[in-house]
Amino acid sequence: MERDEVLVPADVPPGRRWDYQESYLKITRGSGRLMLFAGDQKVEHLNRDFSGPGISPEDGDPEHLFRIADRGRIGVFAAQLGLIARYGMDYPRVPYLVKLNSKTDLVQADQRDPLSRQLVEVSQVEEFAKDSGLEVLGVGYTVYLGSEYEAEMLREASQIVLQAHRRGLVAVLWIYPRGRAVRDERDPHLIAGATGVAAALGSDFVKVNYPKREGASSELIFKEAVAAAGRTKVVCAGGASRDPKSFLQELFDQIHVSGAAGNATGRNIHQKGLDEAVRICNAISAITLDDATVEEALRIFRGD
Amino acid sequence: MERDEVLVPADVPPGRRWDYQESYLKITRGSGRLMLFAGDQKVEHLNRDFSGPGISPEDGDPEHLFRIADRGRIGVFAAQLGLIARYGMDYPRVPYLVKLNSKTDLVQADQRDPLSRQLVEVSQVEEFAKDSGLEVLGVGYTVYLGSEYEAEMLREASQIVLQAHRRGLVAVLWIYPRGRAVRDERDPHLIAGATGVAAALGSDFVKVNYPKREGASSELIFKEAVAAAGRTKVVCAGGASRDPKSFLQELFDQIHVSGAAGNATGRNIHQKGLDEAVRICNAISAITLDDATVEEALRIFRGD
Amino acid sequence: MERDEVLVPADVPPGRRWDYQESYLKITRGSGRLMLFAGDQKVEHLNRDFSGPGISPEDGDPEHLFRIADRGRIGVFAAQLGLIARYGMDYPRVPYLVKLNSKTDLVQADQRDPLSRQLVEVSQVEEFAKDSGLEVLGVGYTVYLGSEYEAEMLREASQIVLQAHRRGLVAVLWIYPRGRAVRDERDPHLIAGATGVAAALGSDFVKVNYPKREGASSELIFKEAVAAAGRTKVVCAGGASRDPKSFLQELFDQIHVSGAAGNATGRNIHQKGLDEAVRICNAISAITLDDATVEEALRIFRGD
Amino acid sequence: MERDEVLVPADVPPGRRWDYQESYLKITRGSGRLMLFAGDQKVEHLNRDFSGPGISPEDGDPEHLFRIADRGRIGVFAAQLGLIARYGMDYPRVPYLVKLNSKTDLVQADQRDPLSRQLVEVSQVEEFAKDSGLEVLGVGYTVYLGSEYEAEMLREASQIVLQAHRRGLVAVLWIYPRGRAVRDERDPHLIAGATGVAAALGSDFVKVNYPKREGASSELIFKEAVAAAGRTKVVCAGGASRDPKSFLQELFDQIHVSGAAGNATGRNIHQKGLDEAVRICNAISAITLDDATVEEALRIFRGD
Amino acid sequence: MERDEVLVPADVPPGRRWDYQESYLKITRGSGRLMLFAGDQKVEHLNRDFSGPGISPEDGDPEHLFRIADRGRIGVFAAQLGLIARYGMDYPRVPYLVKLNSKTDLVQADQRDPLSRQLVEVSQVEEFAKDSGLEVLGVGYTVYLGSEYEAEMLREASQIVLQAHRRGLVAVLWIYPRGRAVRDERDPHLIAGATGVAAALGSDFVKVNYPKREGASSELIFKEAVAAAGRTKVVCAGGASRDPKSFLQELFDQIHVSGAAGNATGRNIHQKGLDEAVRICNAISAITLDDATVEEALRIFRGD
């Protein structure tokens, strides 16, 4: 992908078009697709994702995430600004995306609908990038569609996309239907609604859960969501850890059958020890960025 | 309609009177009536309006809306700023109206009264128009009258009208009575209340649902609402898709019997394939802008 | 009343004392009493006050209010800024008071306590007056005392009085006890509490409902409220339409027995046809401003 | 007390130390103790404190408060800014304290926990003092500890103390435990908690209710609260009207047994006719400011 | 620890790195570990911690805290700004940390989930330090994880850490899981979640409760939390008063077994008389700062 192939949204001011293209090319490694390594779950999932059966002991230390991001081939590493601020100076080559909101999952939706508020302003991210010299390519934000607090999150998301673009940053929305009003979070029509909302808010990328319906193949029913997003690119959450082959196959199908533009993966990477984690990163990137086959990717993962 | 026939509200500052007249003449195509093509439903209705039985597969892609707006004869195309930002650069001739708030309909009124908050400031719209070079003629906002959150929406609506006028933009309010306290959303007296509220808030146009009462003809009972609005012009929501003839007849009656000043139509346009959608746009515009008869409009729709 | 008889509150800054005196003299037509024509009910009462049995069809058009305000003898015409902005340019001689908040009465107090928020800032009113050249003499705001949302309204009311005085404008508070905690909205002791609150907030005028108690004459029990208000002047709401004689007699008693300083009348004026409305205005003003007797006022109303 | 004996809190900036000392010396009339005449109850108690059996008819007029404050010997007169603004110009010698929040007691704690919000900013008080030339020595604010809305009031109280000190003004907090969670508002341990909170917030004075416990003498159990307040001085609310002798004896005990630093009295003063009210003021001041005995104070009250 | 061993977070701007290192070295007395003397409980626990059976009468006076902080060997003394402002001028050598939020525990979690809001801005702390000349090394804030109001506290905490770092101050978060959704506040996995949240927010230190689990030794299960915090240092709350030996042993184990970086102790210090309080301070500091054994620390405590 060449610089002039990057479609710059119209809310990027003329003086920031070059910056936006630069951010976009770097975050997609010139491929137009996104390999996002998600390191923002220490708030949402507390320590469940980082310590326990089947999880490498290395993952108990937050620096594990940075080591992977540094050595693995990724598009961008997503984490809260605070975490980046504590390790970034030692990992200056990592491309960062600042996740702007987070909540714990202690309060479940049957007690109260989810609300996750913006923790840090986009202007503070810009200031942080300038002061620290770190390469911040984008910002991220989660919207819980169908929550009784949806209005506040839609407002913050809109502002974040606009503020990001005004600074030449890429905006990624995590959009999950959730709350008392949502019966089936994986309903394909609803997931397509979620990607359509991302389009309406002008996001560059939207991360959704992979749809599921009894008797349907997810990669086919996912096409509706990819279409509904229009020029907003769709990536799928990686979900809980499972065997690399089925994981990579699913990613391949999302890209080559559904038309998705990448992936956002956390647990399937960082719950492994460093070497294995780096290899799965590289395998994911091979599919996402290089159009590798599942077999090729598996070879990379196995270190053949 | 000549420039000096445009009645400029007194909250438009002297230095912006020319801009306001310009916006008003363009948005009404010199007719004083409004043909608004509504492309803002990807949030409120998620993907239900864009994919499913009876809907053209072309409608699954958001760009479909822009193609119609570009080729059809319309007064203005209403959508969220984010969506306009992703396609506007390729559709620079389309006249835009930025819809400033939106919510999903996942949370129904029996769970919680509706609240739709402003997503983007009017000053940001102005900045966007300047930076992008796109022609933004107005802004829109929805108020749910009778919601327990009405106070917040009345406040935002008032500010939006005032801010729009101070920048020479046209303001359109969508006003729908909704919430636990509202028994009959289509009650003609209540709809007249809604248009009266729009008058009190100083809106240029107000979009309401067409009133209904057992045994009464809607075009007659709608007159109360048109009168109550005074100098605020009333347009009707197009509603769900149905057969073009009855649709156009209803529009004709709204204008020529009730005294309405146009229409705001979404699904009856974009759920059709591009050619048919363009033709229905042109048919609607013939009635709205040129005082065409229903027969003439149908001929345009049929492409005779 | 001479200029130097106008008691200027101490929160009017020195440079605005002359403006305040001017506003006060004009709004009371030099009498120290207020004849306020209330045209702000299109939000609170929707279209019920303007269309229906016993209401002149002329009242269905908002311009009716302006025609009355223009031709009748009044102290000030109260309406929302938006409405004034749509008609003011054609009624430049009308003295205006901008009502700063409004809500619909769709949500009743048994569902949720009333909240009416400020729609427009006092600074915006000043800007509007300057830009439009219209004569804006004051601002108004409603407080629902005893509502669970009272705190927010007391805050806004305090700020509005202060902001108005800092700009040389007259402040009028509408204070109504209302909400689940209020058993008898017309209790004379409670109404006196309401006028005392207005005094504590520093309002120039306070509009309350006329107290009622079984077996007591309202004009006598109303004295407590007039006393409790101190230097804040008390005016009564006109209430629903009824026969002019009893209406004028009540107004006379409020002023000459209770010590009230005028009236705030809406429906008893605008629900009549233009000529009759103008005549009742003049009759009310004769009592309020000229100390006319009820008989003299009735002669004016009858056009003798 | 000499100027250099005034302990200036460390949040008073160097350039305002002199002003603070001046305010402190004046408000305590050089005694280090506070005689606060409370005239802020027209909101909280509506008209109940000002009209009814056992209350002088003079008290029905708000000016009564100013006449007392003008003629009686007091440290400071506390009222809302709005009320001061209406009478201050005629009572320029009165030392004022602006009470910054107030609520009505219509909504009782069993319906909803109390919330009283700041009505006026400290910066506006300063501006008011400058413009009006009135002597404003301090500001006051009520916190309902244990209310579900405590967080908002603690925040406002903290800011008010800080803002006051930055302007050389004295800060007085009214702290009352109240709400569903509070079983015994007069519990001595809880009252000591309240004065400790005032210390933590940095207030100069704190007004609390006098503790009560079956079988304990209040003046002894009150010592805990005086100790807990540390350098924040404690004054007691005067409460409902009762016979002067027991009232003065209690005040004497609070000061000389418990170690309180004065009193805040409203109803026991203003519910009397002017002459008697002035005499009780002087009697209270004799005890508070001059270390008079109860007998001496009673003689002053009786006008011997 | 040398200056260049202080790891400066990347959100400290270049011009403030030296200040941050200075604050960090001072607050840890060059040891990298924190001995925080907690004097902020007058709000949360009202007067329960300061007066009652087993509590030295000296503790009834807030100045007791300052006397201890002045004479004992501590890293930093934490209290609300208001309290520091009243005593700081007499205790200028004490190193201060301003606790930025506080609430009472009157409303229990079964009535309503906890919310503690920021009382004072970080910029006001900086201004205070400058004006007063006092040495303020850091700021503190409590987050109740799992509260329904968590979103507001996470937002304030994020901003506080960022604002503190931008001014070269050290940030300490108190993080306690609490609310209806939290079944076991001492669950080790949950405590590790809490320290992980502190890491994500970029805090320098996090204070948590010591975990407990039937049949497990706390010092071992606490290791998970220390690991999860990464570069954020973990300190334990001291809790209720108990015998010095077991207290010091626990502290020793936390540091030498679990890997904690210090302690935050209040009641175990200030509930003692001044001399004893100073000696326990010094004993705690010996373990925390000098790697003393429990025996050595006990000797210091006993004054041998």
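All chains are identified by letter, namely A, B, C, D and E, in their written order; residue positions are counted from 1 within each chain.
Just so we're on the same page, contacts are C-beta pairs under 8 Å (C-beta built on N, C-alpha and C of every residue); 3 or more make two chains touch, one makes a residue touch a chain.
Treat the numbers as computed from the prediction; the structure is a model and nothing was measured.
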Whole-Å gap between the CA centroids of chain B and chain D: 57
Centre-of-Cα separation between chain B and chain A, whole angstrom: 35
Topology of the chain contact graph, where touching chains are joined (line, ring, star, complete, other): ring
Going round from chain C, first to chain D: chain order: C, D, E, A, B
Residues of chain A that touch chain B when the two form their complex: 7-14, 145-148, 150-152, 154-155, 158-159, 161-162, 165, 177, 179-182, 189-190, 192-194, 196-197, 199-203, 224, 227-232
Residues of chain A touching chain E in the complex: 40, 42-43, 46-48, 50-52, 60-63, 79-89, 102-104, 106-108, 111-112, 115-120, 124, 128, 131-132, 134
